[in-house]
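Residue numbering begins at 1 within each chain, and the chains themselves are lettered A, B, C and D in the order written.
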Amino acid sequence: MSASSPRSLHPTRLAESTGRAVVVFLVLPLVAIIPMSFSDTRYLSMPHDGLSTLHYWRLFSEPAWRDSLLQSVGVALPAACLALLIGLSFCLGAWQRQGNMVRLLQILMLGPLIVPGIIHAVAYHRALSFIGLFDSFAGTVLVHAIKGLPFVVLSVSASLSSVHPATLQLARSLGASPAQALWRTLLPQIRYGIAAGFIFAFVTSWDEIVVTLFITSRNVITLPKQIWQSLFLNLDPVVAALGSLALLATLLALLATSLSGSRLRSLPSPNTIA
Amino acid sequence: MSDFTYDTGYMQHLEQSVRRETQGKTVHRRRFLQVLSALGVSIGSLSFLPSARAQQSELVVANWGGDALPAQRDILAAEFVKRYPQIHVAFDTTGPTPGKIKALVESDNVSWDVADRNLLSALELGRQGLLEKVDESIVDINAVPSQFRTEWGVGSYFFSFVITYDAVRFGSTPPRTWKDFWDLQTFKGKRALRNNVEGVLESALLADGVAPDKLYPLNVNRGLDKVRQIKAETIFYSNTSEAQQLLRSGEVSIGSLWSTRAQGVKEDTKGRIDYHFNEGILLIAAWNVLKGAKNVKDAWRWVALSQDPYLQVALLKKLGWGPINPAANKLVPAELQAQNPGSPENIARQIVVDAEWYARNYFEVQNRYLDVLAA
Amino acid sequence: MSSSFLTIDSICKRYGLLRALEAVSLDVTQGEFLTLLGPSGSGKSTLLAILAGFAEPDQGIVRLNGRDITRLAPEARRFGVVPQGYGLFPHLTVYENIAFPLRVRRSRSASINGRVRQVMELLQIGSVKSRLPRELSGGQQQRVALARALSFEPDLLLLDEPMSALDALLRRDLQAELVRLHRQVGTTFVYVTHDQQEALALSDRIVVLNHGRIEQIGTPRSIYAQPATRFVANFLGKNNLLQATAAIGPLGRLHFHWNGHRIAAGVTAPFEGPCSLTIRPEAIVLTKVGHSSQGTKDRILGTVVNHTFHGASADVIVAVGHESLTVTLTAAASPPVPGDEVWLAFDAERLWCLPEADTISPAASATSPELAA
Amino acid sequence: MILPSAIALGREFAGARFQIAPVRGLSVQDGLVIGSVLVLIACYLLPLGAVVALSFLVPVPGIGNYWSIFQNATVHAVVGKTLWISSLTVGLTLLLGYITAYALVQAGPVARKLMLAGVLLPLWISVLVRNYAWIALLSPGGIVNSILIRWGWLDQPVSLVRNSFGVVLGMVHYMLPYAILPIYAQMARIDSTLPHLARSLGASPRQAFIRVFLPLSRPGLAAAAFLTSIMSLGFYLTPAMLGGGKTVMVAEFISIQVTETLRWDIATTLSTLLLLVTGALVWRFSHLLELATAKPKT
């Protein structure tokens, strides 16, 4: 009895199978949408009579879907650039600084990640009406940029923390101008952090729905908003097609990062706190 | 116990303070915009609005999407463009909720002109200064009976909450009354009610045995108690399309739906889902024109157009909108009378909602309704 | 004495294709300080893990007082373990770390307190008892780890490179401390290290491991003086290994032929023929040519090519023909400089030889020192 | 507003001094910080501040809104429901997340990679799509029900969504990765020999777990608890989509006040309180933030 083997402990095995079950639970709804996306009916169902790629085509041919795709890109790109500009400025400025003030500012910069989406929704619903940017691209881009800001700050400051503190001085002592020092020594060292921040900010905007619902009406219909609207009409299989494409893209990205030595490590997701 | 008291003093106070606040803010906003323009920034340049959309000659109609879009486009918009060729009609199907209307009116960017809402909302929002007053030079207010119009809106069609059910499931003994609707023993399956209190209290009180002519003022406590009875077996939907889908998929066996949408599911399912007007809760739809809309004049033209008896009949055919213009009643073909919420015999079977009561009590009652749902 | 305290019998352990241990057999005597010495990857830590019960061997048996404990759970063995990096529980104070084995055994709290105090006193760490491990110096952490492993009076103490993270000075202090501790508590110590100096300084016996096999078992002195294999000869301290031929002279005296020279040995050898002649650098006497020498006749002429000063000693590399030898000098007043011609003389008693082919089986090598003595 | 930072950057590229050396009392670095912080204030703190301010101003100045909120039975019910659902989902999420993180630590390298991919995958798929999938899977006419009925495990379809069960399910699914990742990151940091060591010192497997592994993994657990608590308090989409209208949590209640009943007093007051609770949690547990956002080792 006491000679039980030290490795194969029963509770551990139970935990392992439970853990696997949890992972299956996590993946299950994602996998389930794949067959739904090939449904040959207009309403949500598993394929009955045959498979059809109808809904994939609708995604790119129906004006509502196509336009919302374009709009989402049109909002997410400038929003990510803006987030990068603000976040990078802050990180470069705050680099190597100590003290409570900087710490407080850092937490403030993470605010848009922490504060519940509904509060942003209420705040921007009001603020954008006030300055006349309700239901405008500029307003949406601004709000999405603010929501993406924490991810830029997180990933850029993470990569800055591993840069040698004397990098710029060193470059200067070797004859580089300040601009050269920045371009040739500092920025190349944090380029993965910058890229990751940009990607996360982009995806944040791409995925944003709660605040968008409150600050837009007719002019701005991003992809998530289009999904939201279509979900009320019927469980449109286009959403399943869209989800399947997103799944495919994510899988490819995961594969690519794990093959490329995972330089762009997965930070916590940029999903909105829904 | 019996009455939910009207606190008119509070309402007036609320109105005033809202008005004070909105006006005050307008001043602030104007100053803010002045500062911006002094800095050489124009709001127009910030909004990147596609210029075609911002043109004056566009009329933007906000509706609830779904079946309403093609019908309004093919009947009303087509006719409108015929009469006013220089004007382009655009639709926004995101749903004209009071919050969006308020946000738009308060911003300088009122991108909707006219919204598909109802007479209750015309009173509520109108009193808050969010709507334009009816332009009687364009709209003939006498086209509808006086009880179907207010200062801020004219009734445009009848629709009602009707008992909509799975006809295959219930066969020859479908639910006839709200009593049946509440009877979970005899009529198995889930129910669907709107998560907005309008119409729900009336259904509940009728189910509880209140006589139709004794409904108003509504006994809110009694009605909410009745809702509690079936809460566990009820799905509270926020969007009528959702309710259609619940019935279509069989998730729900009986629902209280807008008659216009009930007709839609009936056609969709080739009669598997059916409805009737018995004890329907009749509401009066009304176009609301947003305060400061870019195109107020055309908005009232749109309203006037929708009073056209021929178009009203066409909309009845297509959407089940009950003609509110008495002149249209004579034009309704006999076979359409059955699905006309405004036909004399259907009106007789239904209860007309008291818009004034809701305009005074809506805030309070809606929150108490949510309270019941959330508890 | 006849039945061993701990017996390791033909242990094999594989990790995939890697053979971590191959047919390792070993007896551990009660109360001794036994060191498992070998380079990294030699299997010494695997052996320790098997002793501790962290791993199971693929084959073979571990016996404690004749009882098979191969598959016994770690907590049932009563062996104290001091792992690499100390393995202190970072969330527990020094006191609680030391009390841990007693608490999990559900001892009475009064007896826990007494015992912990006792052990802390033994290791002189009473002053830091309420600190957390991260607030301690490396040496203190080491002492706490020892105290924890000893607190429940284990039958055996297993130490896995306990000093590898300490600096050289501290290490020497703690070595002395460990020897004192071993004498004081009388527990059997099994000590794993890759540091031959440490092994020589601490152990009663050393087991030299290489590639999962035992190369030699013996006292520090016998292993140092009479390595059984070329590996052992090279691994323990500096050594000169010379290709030579062993021959037994008319009087039964052993001598070697190397590089055209004849070198007399003060030891007997079990064989004749080609061999590896080993001479420790400190067993060579070096005299500058021209100085009055001690008049040794077995002396060889060489040229100094390099000189490295170490403080108490100095290493000199001397070329003899095409080969070179390392010589360790102590306290040389006027050390030779490169280019000097020098005489080399060997201490005949400290010569040793290994068969050329190096095919001696571990079992044979384990017995060879006794033969030599 | 972005101007100061842009100027600073521009000056940088133009060859002006960077860092340390002051430019008329302000270094370029100062300029960058000040510029970006000004943007944050104008575009973020002001709008949020306006919400807070409004709660004290509308309809009449004072703290009347807070007073009436504390006496409002509907708000009580909604807050109660929110707390109940939140604690249930956070509890479930932490339990499952802990076990899963443990399984991840125990798994071999290939299995671990696969499992981690499975954990990360949902993070990148829109929560709308995921809720859609849940409805499709679990509604009475959905896939799970039809399978269960076909196998004869059920006679009548059961409702697995559009009720509190659906909300809890959807929320747990949403939050699990956020719990698993910090716990796993912490567990991976634990010296894997310690539990073994504890056993050699006499601890049973259970004791080794409770006395060594559990306390050592606690920071990860705390970070996960912090993160999921904040999330669950502000959940909006999942209750709205999977709750069948009956699971009205604070966020949805606020949204109804804004979009339907136009009660800005209630909306802003509740928002302020929610902000306060979130802020207090962050203030108290800010040291966990780093852990909560830590990257797992793969």
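Quick note on the criterion: a contact is a pair of C-beta atoms (placed from the backbone, for glycine too) under 8 Å apart; a residue touches a chain by one contact, two chains touch by 3 or more.
Being a predicted model, the structure only gives us computed values, none of them experimental.
Between chain B and chain C, the least number of touching-chain steps is 2. Centroid distances built from C-alpha atoms place B farthest away from chain C. Two chain pairs, C-D and A-D, are weighed by contacting C-beta pairs, with A-D ahead. Chain closest to the overall centre, judged by the mean of its C-alpha atoms against the mean of all protein C-alpha atoms: D. Chain C and chain D have CA centres that are 56 Å apart. Rounded to whole angstrom units, the spacing between the C-alpha centres of chain A and chain D is 14.
In this assembly, the C-alpha centroid of chain A lies 37 Å from the C-alpha centroid of chain B.
Counting partner chains per residue, chain B shows two or more touched chains at residues 99-100, 238, 249. Looking at chain D, residues 196, 199, 258-259 sit in touch with two or more other chains. Residue numbers of chain C whose C-beta contacts span two or more other chains: 53-54, 73-74.
Considering their complex, residues 191, 193-194, 196-204, 207, 211-212, 215-216, 218 of chain D touch chain C. By the touch criterion stated above, chain B contacts chain D in their complex at residues 13-14, 17-18, 21, 97-100, 102, 128, 190, 195-196, 231, 234-238, 249-251, 362-363, 366-368, 370-371, 373-375.
Residues of chain B that touch chain A in their complex: 25, 28-29, 32-33, 36, 43, 46-50, 53, 60, 62, 65-66, 90, 92-94, 99-100, 103-104, 106-109, 111-112, 238-239, 241-242, 244-245, 248-249. Residues 52-54, 73-75, 77-81, 83, 85, 87, 89-91, 100-101, 103-105, 148-149, 152, 158 of chain C touch chain D in their complex.
Per the touch definition, chain A reaches chain D in the complex via residues 6, 9, 11-12, 15-20, 22-30, 32-33, 36, 44, 46, 82, 85-87, 89-90, 92-95, 97, 105, 107-112, 114-127, 130, 142, 145-146, 149, 154, 168-169, 177-179, 181-183, 203, 207, 209-210, 214, 224, 227-228, 231, 235, 239-240, 242-243, 246-247, 250-251, 253-254, 258, 262, 265-269, 271-274.
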